[in-house]
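Scrolling down, you'll hit the structures one after another.
Next come two complexes, and both contain subunit A; in the first it sits with subunit B, in the second with subunit C.
This part shows the complex of A and B:
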């Protein structure tokens, strides 16, 4: 009898991380942002890491947008004492700077996680963490559906444009509520239909099976994860040193 | 399909679909958050619009646990998007409360389901909470720099009771949203045969 070689998925190119590493790193960054809030170099380093990850992963445009906004906030933070603004305006500026400085690093990291993780890698790594199937399947479906909804929404937008239902037309200003109804309802209906088909397809492929499933996604602790681990230890030590000094 | 109280794969996929809808709608409406002044307004509008997918979801909920899992996933998503741990906590609490309402309603009593939806929407307050939770540390920091008078002024614009007012705003928005969702169910989804 002829033997067929087992299918081996291609090695992922570039700087790929285990999904678990990404999640833990995310938690670390979010926690450190919360603890170390007044040391500017430290915050810049924390923001720089997700920026680099985004660049390496190929989301250059998003990375540049986020990065330049962050740099603007940093510059604004240094020069905000030069000019005396009215109190109210000053308050808004200070709050905006704080929000950007505080939340952007984690936003960038979150964006990186969602863009760089494939659903199968995510599911198999979470299975190794013994996350319940009841949470995993819905999350995997969400992953699958958000891009679908974008596509559907695009085609509905085009269809509705033919009828003059879009922002800014006369029809729109007469009854702004219609834009909501005419855009949202078809979207929901088509997504429900797609979802029914998806669940039928998934069930025939054995999703409802009680036997443990296998997975070919290649995950595990690699060289890249080790680099992230070293960076994390370094960040922790630095934060600790800052805490001792102040 | 056999009638058990356990969640089967079809239920789980349904949860995923409706969570995705909820998230996308939430995102589109939540875009207004880009301007901080609009925060209270978006708190009002988000539950109104998300009422449509949620009431559609409510017609599919026949087993306990579904609402809670949805809330948990939403919380995890906001967490992964970098809103820190506050939405995770708020969504878990809101999910448990909403689950109780759905359970008492036996997944049928419409008034109780509406209450459940309003409570569920409270979870969204966690997305704004970093502002208040973190301003504590932030305020201490700028007090050194700019003096306490400035801090008290800033607190006037972003007071902590905005959080409680936010809960009220969300609740009212939720009531309107549920009514809107019900109307849409009657007008469109029943006719299309999916509710």
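This part shows the complex of A and C:
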């Protein structure tokens, strides 16, 4: 029998971070967003960080949409004091601006985490934080299940399109409720079936075993994590400085 | 369930799966539901990690497993972006990496192309040499010749025969077919099915599809298909067969190209109206609560009485009349497939596409599918079949399209040359395999 060389894991490309760094950084951004308010340059810097991370990770489209929305909100924030709007409209505008300015950076950071973290990296790093398996296994399942749902739902959509079961057709207006039924029932059936088969496959591969798990995920404190640490310290100092001044 | 399981003189009945401690590795039949990670590398490592094997050792085993299954090109990829056959290869590799004492393989070959089936054969021979026990549930037998030692034939939940392999290979062909088993030898394409009458052609122009600019998944400038033929769409795992099928049926948004039939040309969106794809997982396309409703759903609904009569005659022609009030989900796989075919007939589609309709089917059911395809062809429908099943091809296909890297490498009807090419594809003779 042929002997093959050991597998050499591919070096992680780009600006990779430890999942723990990402999580802590998200908590920091979320906290600073609410502690420091009314200082536009500071908020812009905070918002710029998830934007940069998304760009580096290759989610350019999302990053651009997010970036433009944020810029619009900043501009609107300046204009809203100049122009006077009807009360109700004004209320909505202020609310929207606040939403984009305050919450979007955190959301985008979360999106970045989901897009840039592999399930096994996440599980491995949480194990080092001694998070219980009871919490980790369900999270790992979610990582696997979301794309499965999307895939199944996609095939069902295709099947429906081939049969001409769509919104707006004659058949649809006859009984609008059935379209939901047609979509949900095959989805439920296949998801239940896949769930069963998946857990059988996971069990035979020893998931949930009492032996201490090892892993080949490449995690740990790297140069990139150090850069994020320096940025975080800088942000904190700046926030304190602002606090002292006000 | 009752009974006893004894491994190594120990009664293991009622033990939990962990007590086996990685002694048993299983490859399941459905490639979509047996991976637990999102990327290939962590998937192959997964089993080893769970049993706490040291990192260096895991990397060694991964290297060995990907070498055996020849999947170097699939490493570090997103599993959801792989084809069914590619997923199955990763599943075999990930079980192999656990290095269990006992391998259980449930129809491992059902989604694999012939070259990969031969790789699987090599892997099985390798495991056998290391003294592993291998249990394979399978319909396709030709790749197991000179590999297996013992053959157990099950029928209605009972052991029908339990014999050594040498005497099984001596059995008469008719006896094997009678038991519903698949061919023991690589298919020899002898009987040439009748070539369909010239009813015109379907022309395909400028099919192309790409997820991004760099990776073109489909690129077919021109392809002609005789109308009313049964076209086998062939190619290796991941060659772009399913992409071609989806594009043909107008299911791929962003795909380019037109289909010309009877002097009318159809763009992607218009093709949805003339074509229908019977999916590998037919559960996705059955929506209603009874078989009859399923057929009625595809009809116009303007004249209910007429529709009902038509629907019943369609069910008749597919031998489904007895099941018209049954819930589609309560039917067998083959019957479900026929219901899906019925709904396609009802909606008067003229191009039908089947995605691996015979994977995991025994000889009798395979013949049934071949009959259904033949019937559709007699009705004047053009049938495309994406398949890795040489026996099905030998039974009913009369035109061939061979796809490689998203391009049509060759396409032809039955003749001396195509027969030669098919035999070469299905019997990779030039590969130097080590003997047992």
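We take it that the second predicted complex is superposed on the first by the 231 of 246 C-alpha atoms of A that agree within 3 Å, B and C clash if a C-alpha of one lies under 4 Å from a C-alpha of the other, contacts with A are read in each partner's own complex, and residues count from 1 in each chain.
Convention: a residue touches a chain if its C-beta (ideal position, glycine included) is under 8 Å from a C-beta of that chain, and two chains touch if they have at least 3 such contacts.
Computed from a predicted model, the values in this text were never measured in an experiment.
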Would subunit B and subunit C fit next to each other on subunit A once aligned, or clash?
fit
After superposition on the shared chain, which partner residues are touched by A:233: those of subunit B (first), subunit C (second), both, or neither?
neither
Between subunit B and subunit C, what opening angle does the Cα centre of subunit A see in the overlaid model, nearest 10 degrees?
90
Mind working out whether A:203 is in touch with subunit B, subunit C, both or neither, as first, second, both or neither?
both
Identify the partner contact of A:107: answer first if only subunit B is touched, second if only subunit C is, both if each is, neither if none is.
first
Quick one: classify A:152 as touching subunit B (first), subunit C (second), both or neither.
second
Is A:65 in contact with subunit B, with subunit C, with both, or with neither (first, second, both, neither)?
neither
In the overlaid three-chain picture, which partner chain does A:189 touch, first (subunit B) or second (subunit C), both, or neither?
both
So, does A:135 touch the first partner subunit B, the second partner subunit C, both, or neither?
first
With both complexes overlaid on chain A, does A:241 touch subunit B (first), subunit C (second), both or neither?
neither
Can you give the closest approach of subunit B to subunit C, taken over C-alpha atoms and in whole Å, for the superposition?
6
Under the contact definition given at the top, report the residues of subunit A touching subunit B in one complex and subunit C in the other.
140, 144, 181, 185, 189, 193, 198, 202-203, 207-208
In the complex of these two chains, what residues of subunit A are touching subunit C?
1-10, 118-120, 140, 143-144, 147-148, 151-152, 155-156, 158-165, 170-171, 174, 181-182, 185-186, 189-190, 193-194, 197-198, 200-217
Across the complex, what residues on subunit B touch subunit A?
7-10, 12-17, 19-21, 23-25, 36, 49, 52-53, 56, 65, 69-70, 72-73, 76-77, 80-85, 130-131, 134, 137-138, 141-142, 150, 153-154, 157-158, 184, 188-189, 192, 194
Tell me, which parts of subunit A touch subunit B in their complex?
23, 26, 30, 34, 37-38, 87-88, 91-92, 94-96, 98-99, 102-103, 105-111, 113-114, 133-135, 137-142, 144-146, 149-150, 153, 180-181, 184-185, 188-189, 191-193, 195, 198-199, 202-203, 207-208
Could you please specify the touching residues of subunit C with respect to subunit A in the complex?
17-18, 22, 24-26, 28, 30, 32-39, 41-42, 45-56, 58-60, 62-64, 66-68, 75-76, 80, 94-95, 98, 125-126, 129-130, 246, 249, 251, 272-273, 275-277, 279, 281, 283-288, 297-298, 301, 329, 343, 347
